[in-house]
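Consider the two complexes below, in which chain A is the common component and chain B and chain C are the respective partners.
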Partner chain A sequence: MSTPVIAEPASNPAAEPAIVKGGPTAAQRVTSFMPVIALVTLLAALTIADPDFLSQRSLTAAVRTSAPLVVLAAGATLVVLCGGIDLSIAALCSLSTVFFAMWLPDVGGLTILAVVAAAGAIGAVQGIAHVLLRIPSFVVTLGGMSIFSAIALVISDAGPIRVVDRDATSWLNLYVAGYVPMSFFVAFLVVAVISLVIKLTPLESFVRATGYSESAARLAGTPVDLVKVAAFTVSGACAGLAAVMLASRNFSGSPTMADNLLLPAVAAIVVGGTAITGGHGSLWRSLAGALVVTLLRVGLPIVGVPSAWEQILYGAIIVAAVALTLDRSKVAIIK
Partner chain B sequence: MTIPLTEHPETGATGPVHALEVRGLVKHYPGVKALDGVDLVVRQNEVLGLAGENGAGKSTLLKALVGLVRPDAGEIWVRGEKVRLKSVVDAADHGIGMVFQEQSLVPNLTAAENIVLGSEGPGVRRGIYRWDTMRRLAQEQLDKIGSHIDPLARTDSLSFAERQMVEIAKVLRIEERTSNPPVIILDEPTSVLESKEIETLFTQVRRLREFASVVFVSHRLDEVLDVCDRVAVLRGGVSVGEMPTADAVPTDLHRLMIGSTGSDDHYHEGLAERSADEGEPRLVVKGLCGKTFRDVDLEVRAGEIVGIVGVHGSGREDVCRALFGAEPTLAGEVTLDGQPLDLSGTRAAVASGVGYVPAERKIEGMVGPMSVADNMTLTKQKSRCAGPMVVPQKQASLVDKWIERLSIRTPHRGTQIGRLSGGNQQKVVLARWLVAGDIRLLLLDHPTRGLDIGARSEVYRLMRELANSGVATVLLADSLEEAIGMSDRIIVMSDGRATTEVGCPSGGKPTPLDLVKEMV
Partner chain C sequence: MTSPAQADTEDVIAPRPQPRRGVSLRDAGPPIALVVIIGIFAVLSSDFRTVGNVQNIMDAAAVLAVATCGISFVLMMGSIDLSVPGVMGASAIAVALLVANNRNGNDLGLLGVLVAILLGAALGCLSGVALVGLKVPSFMTTLGVSAVGLGVATLMFAGVQPNISDEMLRGWAVNRFLGLAYLTWIAMACVLVGWLVQRYSRLGRYAYAIGGAEEVLALSGVKVAPYKVAVFTLAGSFYALAGVMVTSQLSAGLVQAGAGYDFRAITAAVVGGTLLTGGRGGVLHSAVGVLLVTVLINGLVQVGVSPYWQGGVQGLIVVAAVSAAVIPQRRRNQVTK
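Moving on to the complex of A and B:
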């Protein structure tokens, strides 16, 4: 037996580099431009398939069709940025079209505001349930989806309700600067205003911190619960506004009118590159995503794909987009 | 660095074929060099102690040995054969098994089911459980370690110590997979055991040595010296030496663990300005009760650093979180500068001038993908706003000022905090509480966890400066030495109660052993 062997390390452990990793990876760069790349590719493909597609008339029509989807996806994006998901948007939107058609004769010109406020309040209730009862947002809004659908069916007697006063929303069918449909302009405005408010205030920090790491956000003393409830409120209000757009276009409210918009809205968010796990993304991305989804929708018949395939495409898009954007190092267990 | 071959302490045989050998193992994580060239030899039928401070790389090394972590470089040799371990099963096939620090049994299964779980063998035929075979298999395992636990007892009805025996019995199943004697790794097996149970465990470890090699990891140096034949020491991800335990004393081992830099004024005691018993207490806690602690009394004066020490499960982390409103309390009075402190939530705590640095920096302390600037101003938003609006220039000048004052090494304030080294990350997290200049009480939960010595020293200096400016500090230190070095007073917690208070003035510091006596 000898004396203890003590060897000092040759290197100085304090000489640690300040920076360990480099910039964003190639994959991150691609995904950050994904919505724009997809949009341009689609436009090019559709133009090749049908050279008439790149006309002012069809583009205007496509953009007008996209307006409710843009608004719906924009609101839900906020919830996703906070790390949650709002599955109730489509059902709430359908319910709101019924509200709109039913309230218009009595409330008159203020119906739009009333519907947006009511839908916002319903969104807030979901947010409060999620925060106070500590139920996953997925479950709360899945329940909400079913409840809102049922309420819509009950109060509408399970049928469409005609919009009696078309003048109340006729302004939505006007054009801005001659070419831009008013409904799309409003959708654009919604995205711009919400984005700007978030950007210019501490809200951006709050939302991103909540989405990336809720426990860190809470321990930093940020108003996590308030931010989440606000996100659900905005999501609900956006569903209300989308309902006004749908009802004004169809001249009626119906308990299932927006039900087929849930999948496209989620597809718009993930195609835009907003991380489904929260934190990373923006409303502008969802705007681009919604345009991509709309182009697909109007473009499929052009290239001769039956519309029954639409749903298959949405499903595939969502899975593929999340597969591309999901940061698996952040999620310990994929449930 | 080479580790000379020495004779086996008992058999006296020299042999190049070791049960397990690690050569130059390297593993880097973003911001941390967890392993930076580790060499380790585990001989046949020996109990090897593995010692090192928190962040020395012990856990990463162990995980690499059972295939949970893929090393970036270096080699692992099992009985003279170079291996690449891809999973726990792979490691088991090579005869390496680990009893994890956090117990890994399924609580609502029986002991027998847990023991054969994942290696049922003949216990399952055509997809159907054969209970008698399972029970027999489990009993065989329990017999190996001479345990009298009923294999059909539900795991959650067993005591901690019994569950540990079940874990050891379970890990010995790897003997079925290899003809060679197994290598069993025990990661902090004593941290939740009482002293009588620890004795039982040690008997078990000595019994294991008859037919296996054991790697024993513990924070308690006396235990390491008691049960191990030889001890290897890691520091900062590097093997810094090894010694036979026969003629070693804890201080030798300790000197090796903290390194020679620990000898001079590592804790910046020279900077401490305040004298004891000065002024009114800033924080007064009376009879605070929560789920895991009871009747905790605590006083901290302005400018004072009070350490709370205690073993795992003493409840000190929860007291800390409760004072920040992050953990519910059941009873008790807390005042800050004479005003009742609102413990209802973290927002209220922040508004009262209380700050908290969590132990889990990467998960709870910072938001990795956000910038240094946004992390620094996350809490005190007013410091970068005019009215409701963020003023980018205001934020930029404020953040740059603190980057300079704390010498935070970052290329730019807009760099993602996740890309900085651990020490610089921690400085940003600390700066979060300082930017508004309204901090009165700072709760530090393991503020130096995972930091290298240089970064630690800078955090210590910062703590001293804050104390000198009048901030009251509660410190949950990473090690007893750190608690002693930094604190003016130390509260010892045990089983959720504050049991003793030990004065800790500069010049009259207690030794770690003094504190350990109070802790057990």
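Moving on to the complex of A and C:
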């Protein structure tokens, strides 16, 4: 009955010209370098505020703090590239710190692998739920977030669990070449390996196609469902690895340890310039974004801003960065 | 049926299409589930089937009911709102600092409550403006606004917890009328107001229409953007009132006043039959959802399940409810983000 009415305005000529243009515009060029520009500006500003900041010691410390955030953001970037969002990373990371602290006495040196595998499996379950039940990814992961928190609270009795065997993770506190903290090196390695694997296999086009236009990708024969499940699996595994780093730094696991990392991780992804609409972006961008976010966190007290502003800043950054990187040609209606 | 000439004149006074009478399974489901769950718990636990526990459940549902009232409008539009913790936290601290308290000499009473609600409305307005102005999806804008709200709350908190000594506000949680706390009556009034807005105001009707088919509404000449901002503003003021109610219950302002309420409110709304895709459900549906969630939590505790499982149960419910709701709409090449 109402079909003829809807059929008429199917084509929207106003949206066409933006796509026809070849080559990036000046604004697009600037936004594509946004994370690097932000990073350099921040470093410069902090150095002016406190000349001691540009010393090897404080930079090493800052880079070391950023390691778990880099890993978390890198994993979740894959999900965002596919056009989804993973809001459960922080809760899954907290749960994994509990796993790590609980399993360490029994499993020993293999605990790291076990935790990463378990977190990856949990991520896969979320991906499968998203794909099979056809629920929006943020609902699945929002549900996952509260389920994981509940499990972590129950199995840990809502308290921190001490890491008994510090030797298992002592290697994470070493330094590569005397300067680079091992944890950051591992984080860097994770980003590099995932990026390389994606680049060298058809996965890159699969992921991009899924993110840019899922229905087109599906019609073209891309295994969209598999790609999405894989993205969630990697995201989960990364949350597990980040948990190992956190637990090794704090010598304990706790059901709320990583909960405040969700916002910084999302901020890192969008500040890096990965479009929340999917398709456009990369893990390297999230690495830069995570460094920006860490510098902000470390730098605010140096400039003399109360830490309460940190939250407000995250909020503003997220909204502003998403507004800059959003692919408007794709979403006619913003919900 | 009618000649073209007649049709022209008739179109102007076209009879309003009668909504389908009779209750569909989708609408009847949640109330039936509520009755079934109450029945099960009443059989399982002797503590559950007492008058005192019914009062408990009603009182425990009050804050959630107000927050869910607000989020229902946003969900009806097909948007999502994750800003509840931020807005509730900001208004909880704001009201604690504005009524008689141990931190400063303010004693604004009801005016303070009003200012706190205005603050919430402003934060909600911010979400809406960012949504329509910057064209950022609502889950991102509201995530950002939630962080802003928490930051504002932390700034106002300033390291010293504001304890309220205002008799009126404290009385809301303590004094009872017909066996229920004042807060519960306030929540019922909110549900009533929300329902009236949804049913009889242009804002409410358009919120439905935006969720149903925004393109059609825009093509028929309605400027959608102001209504979206207005809906988020209305939702923000509901959350702020919920934050005030938490402050009244705790007799102190806390930054964490709204922690977890975003998810609880979404769960309640979805369980009540409001679709996340918009265009369905409403305030009364959500009210049933609130009772369902509260009864379930209360009942599980009475039966002896660890309270830590609460969040997990809600997570499972929301995933189950959403997936049940989308089953009829499954298509081969459907895009779910």
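FYI, the second predicted complex is superposed on the first by the 314 of 335 C-alpha atoms of A that agree within 3 Å, B and C clash if a C-alpha of one lies under 4 Å from a C-alpha of the other, contacts with A are read in each partner's own complex, and residues count from 1 in each chain.
The rule we apply is simple: a residue touches a chain if its C-beta (ideal position, glycine included) is under 8 Å from a C-beta of that chain, and two chains touch if they have at least 3 such contacts.
Note that this is a predicted model, so its numbers are computed, not measured.
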*Can A:151 be said to touch chain B (first), chain C (second), both, or neither?*
second
*If you stack the two complexes on chain A, which partner ends up touching A:200: first (chain B), second (chain C), both, or neither?*
first
_Touched partner set for A:219, first chain B, second chain C, both or neither_ = both
*Go through the superposed model and pick first if A:314 touches only chain B, second if only chain C, both, or neither.*
second
*Does chain C touch more residues of chain A than chain B does, or is it the other way round?*
C
*In the overlay, answer first, second, both or neither for which of chain B and chain C A:209 touches.*
first
*What is the contact status of A:134 with respect to chain B (first) and chain C (second): first, second, both, or neither?*
second
*Touching chain B and also chain C: which chain A residues?*
5-6, 9, 215, 218-219
*Touching residues (chain side chain B, partner chain A) in the complex*: 1, 3-4, 6-7, 9, 28, 30-31, 33, 36, 235-244, 246-248, 252, 256, 260, 324, 326, 346-347, 349-351, 356, 358, 363-370, 374, 377-379, 381, 384-385, 388-390, 409-411, 415, 418-421, 423-424, 432, 452-455
*Touching chain B in the complex: which residues of chain A?*
1-2, 4-11, 13-14, 16-21, 200-202, 204-205, 208-209, 212-213, 215-223, 279-280
*Contacting residues of chain C [partner chain A, same complex]*: 77-80, 86, 130-132, 134-141, 143-148, 150-152, 154-155, 157, 213-216, 219, 260, 263, 266, 276, 278, 306, 308-316, 318-319, 322-323, 326, 330, 333-337
*chain C touches which residues of chain A in the complex?*
5-6, 9, 83-85, 129-130, 133-140, 142-147, 149-151, 153-154, 158, 214-215, 218-219, 263, 266, 270, 276, 278, 306-320, 322-323, 326, 328, 331-335
